[in-house]
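The following pair of complexes shares a single chain, chain A, combined with chain B in the former and chain C in the latter.
For the complex of A and B:
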């Protein structure tokens, strides 16, 4: 019988002993664990891509964030551009997306979601034993994951997030959703939550968050010591495992060493870009291109910083409540879960704290909430004299808007910003 | 003019003489965007609930300044109408996270992009997406807060007694609409799908008591009407926002008689009744959360079963799903309906549309071809 998930297996074998860059190590390790769980018939739980995985790690159930499954391929490209042709990679992704469309999922749905349906239909993506999804960030999420449940028949648990989280009763409702999550995982895995183990895992995740946010804070420096936002994909893959902490610590140490050596992202920093959306996933070199061509550095992006307090691990109740509270800080999730206020406030906070000169929004065509909020941000920025621009692109499919078009649009904007 | 004609013509215009009379008498009108807003609470406050439409809009240029190119065209047109002051008859607006499109365009109202009289009542209900007991409890809390905020803003009292009366009035409306749908089960239904949509729209644009009276008369009139025999297929029409009976007329002119639906303005809005014997706010919460759902709710398996049941009950030969472009909610429900229909051997057609009727020629061709595959 033909073995499934060949691309991942191949890359895993190729990269499993590679130590640098650290973020690749994390993704390779996760991919290996997913493949082992598949091969051994162990349960796999899908965690939607804004939902951190430490509760699953604590129960020793393998998380698989399906939106992030192609990350192995993307990370390999980013780390070793000479090894994999990004254009070939993009075209390899096309049949998956096209399969979803042929099955009836309209092309204007978020590519991340279409990728899940296409991935399941083409055996690119291992199917879940169970699925955990918050009600955020968007219509795509709610629509696609109902489809995943329909396609796979796997049990699914939804965490229903109130729209107005400042309302007094909202936190209790949200915490009750978290408690329901534990019961769901117990019921469908046959395992019991060991709260001592959960405490260990959450303490590990607290350490992770500390290192991550410290790295992000260091990028407030001007000139910027290292180009590119301090992202933390690990929260979806390995959070609560030592490897996630080791990897983020290694990244932090490397950044500190650069700072100690007085290194900067570019010889002459001309513009600081606040990027308040996801990067363009199919163009991992975009931030470097902006830096090289324009001296435009990108210290911050959606998900490279968040408001978090350490989870209080003194009692099971405080752990659950702390995890629930922390989930509300997760970017994208919190932005789509509530009114435009939240995304706009976070964007302006990032602009101020990371000393931005302008704001660029990746106007992902499938993302109706960000595109629907942009006009309000634009008005505020105009009032405050902040240059802001949203460009059209698909997050994972370069056929929709090409790299040339994206670069041209960003280039024109940066020229304008620099001419001010 | 017959009562039936009086009702169906209400869909042709944004406002109507009933609304004008209501305003002349000093009555308040509260707009609402979605079927998850309980009209009963507004009614019990002595106000007129009005379901938002963009009827009469011909462009969306003002709305496009805030809504994006991938916002559905209903929301863009409705925002445009708002920015042009076309909803000046409203004293308030209530919505919820029906979808990202509605939620984001509602922000324009909150952010002062829409010219509003002062004071103007704005409320965003926090409606859960789940349908379980904790969700009903959460909804109860939200509806109680909604009731109190209406009371505070308009300085009125909404008594339990008034709520019970409103529940009865709206249940009566629902029963009458269900009687209308019963007629559609006949081999020769006396009413078209386009007419039914017109009536359903009227039910959201005029005082409930007057509507109920007109619908009773219409049901009497229909007793004497000949049924439609000359159709080529009986159809179930599913999908989200559809407020233009002309859209259904295109299908029906080609011989596809729409005998039932799973529409936002149609059956989904009224099918389930409120328990009249329970505490009213709790009963409303239960009804609105447990009713036959919209794809915003995590309830796809019940929706699919409901559609299968409707097909049987109304002896429909096929399904058409009409979906507004960029509507994510109906994107996946449409796909799942398609998969189920395929499995069941039910003919299906998925039509994408914009708010304004366009590409009618292409639509005709597709519907015609679809009807030919049914070969009744």
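For the complex of A and C:
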């Protein structure tokens, strides 16, 4: 067992004492916890990437969001960009993704999903003891997690989300799914939910959400004080633990200090980009490149401004109900659970709230449900005179469209359409 | 049937019930001539020249934190006699009485216009979430929810629910020329009172959902009644789904028969 996950073990050893940037601390801490759980034979629960981990933290079951497992590597790249050249990745082999395809996973399936299967087959990704998946956001996750269950034999719990939440019965049904989740975790971990502990964890998560929302809102300022977006992967990793709250508060405090000093993201802000889709994850420097080259700042992106709701912790029932309600606001999750107008309305809302000048969205090959909405968004933006750019770029595989091409496309848009 | 008749009746009954229950209720009648709506207000209403972000430490009062209670919706009518034009009804404490508090918050905006139609509803509904238009008042960046902050500075200037009400009326009238009458109800009395209002909101949301083509039937299926199938651009997908539903029902019926 000690020979597996060498990349993560090595990076953990190198980075475990690093304090800056704060978000790196959080990911490194989580990686260490996962590796310890693996080495000690403790249960590990896969929480799909739209599902916050606070319920698992409350039961002291180690969450591992498999889509985020490579994030340790990406975070290290972002913190130390001299380590990897994204352009080199474009022509490199990707044994994890390729193994998944060779095993029979269609190449048209979402890269994140192929990464999970490939990760399991190549021993890059620790396997789960159990898996928790909501029925949102998409067919990709539903297909991939069935494969995970098949490959690992780990029991799986599906939270079935109603399509429409207009009726009170729909929310009651959804809350019952959440209660079922707790029963599932108890059954397969051998632990019982301590509701006093759950209250502590959720109150910690409320503090986290408070800081996160403020950080995200501060990026509504014009000119932008710091290039965004104000992401918070901690919701999937260690939400409800003090380290997650410390980290997001540190980032908020740093942002406030910049504002107090009158600092801005760029000397001359020319364009504010609303990117209501996942960023190009394998190129963590993309937004900064846009800012430096074109004065195009990115105050907001999908994942930086979820439905941040605090939870009423007065009773166990109010806690569960609040957590269930909050779960419906998760990035991508809320957009994939219902009709396309939710994503479109949110995009327009973000455009107004963060004072956007244009909308840019990349289209990952496997993300058919969002891409199916792009035509509607384009039509609405035309009616409203909002410049919009849609282009192909996979979120996790640089071989589909290279960094060079991504830069060329975005550069062309910013140089022509937005320069008018 | 006049639009939203039932919801308006429920709001009137709600207010009457709160009166019977002895809640503190204030009714302020404002002059609704356009310039006079914002005349004399302690804060600027309109596009804000500078950032309107209000941090926690600068907050005088918070309204509608989801962990307390929050509810906001819009009702419209094409019958102007149904709308008490210019009235702001406040059930509960006012801003100035609530320093440092996080109040449960209900906000009902009633608009009337003889030319208003169902197709205008979605735009009207969106307008209640318009941010950065009222100095010292910030809507938090959470979609489809009115969760807001009033700044210390605005409160010092005298910001009240009358201020907020008149500002919102001005914004609605400015954005929607067909709106001829506006009335607003604010509720801060208790979490229970706001949650009760949410029951009416749920009906309104359901009604507005029905404007979006699909209507839920008693058997749980969805039927489209708003548009003509011949002109609907989703007809091909819709037809395919109907075929699948028929196949599934046949299969389910076949399975039941076998188990018998």
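As a working rule, the second predicted complex is superposed on the first by the 406 of 420 C-alpha atoms of A that agree within 3 Å, B and C clash if a C-alpha of one lies under 4 Å from a C-alpha of the other, contacts with A are read in each partner's own complex, and residues count from 1 in each chain.
In this section, contacts are C-beta pairs under 8 Å (C-beta built on N, C-alpha and C of every residue); 3 or more make two chains touch, one makes a residue touch a chain.
None of the values given here were measured: they were computed from a predicted structure.
Superposition of the two structures on chain A leads chain B and chain C into a clash. Contacts of A:146 after superposition on the shared chain: chain B is touched, whereas chain C is not.
By the touch criterion defined above, A:374 reaches chain B but does not reach chain C. In the superposition on chain A, A:164 makes contact with both chain B and chain C. In the superposed model, A:98 lies in contact with neither chain B nor chain C.
Within the superposed three-chain model, A:405 lies out of touch with both chain B and chain C [touch as defined at top]. By the document's definition of touching, of the two partners only chain B reaches A:336; chain C does not.
In the superposed pair of complexes, A:203 makes contact with neither chain B nor chain C. Shared-chain residue A:288: touches no atom of chain B or chain C. Judged by the number of chain A residues each one touches, B leads among chain B and chain C. The clash between chain B and chain C in the superposition falls on 273-281, which is one of the stretches 3-11, 255-263 or 273-281. Taken together, the two structures place residues 164, 167, 339, 341 of chain A in contact with chain B in one case and with chain C in the other.
Within the complex, the chain B residues that touch chain A are 65-71, 96-97, 99-101, 103-105, 107-108, 110-111, 113, 124, 126, 128-130, 134-135, 138, 141, 295-296, 298, 300-301, 304, 323, 325-326, 328-329, 331-336, 338-339, 350, 352. For chain A in complex with chain B, the residues that touch the partner chain are 103-106, 108-110, 135, 138-140, 142-144, 146-147, 149-150, 158, 160, 162-164, 167, 169-170, 173, 176, 180, 336, 339-341, 363, 365-366, 368-369, 371-376, 379, 392.
Against chain C, in their complex, chain A makes its touches with residues 164, 166-168, 206, 210, 213-214, 216-218, 220-222, 256, 305, 307-313, 322, 325, 329, 339, 341, 345-346, 349, 352-354.
Residues 51, 53, 55-56, 65-68, 129-132, 138, 140-145, 202, 205-206, 209, 212, 216 of chain C are the ones that touch chain A when the two sit in their complex.
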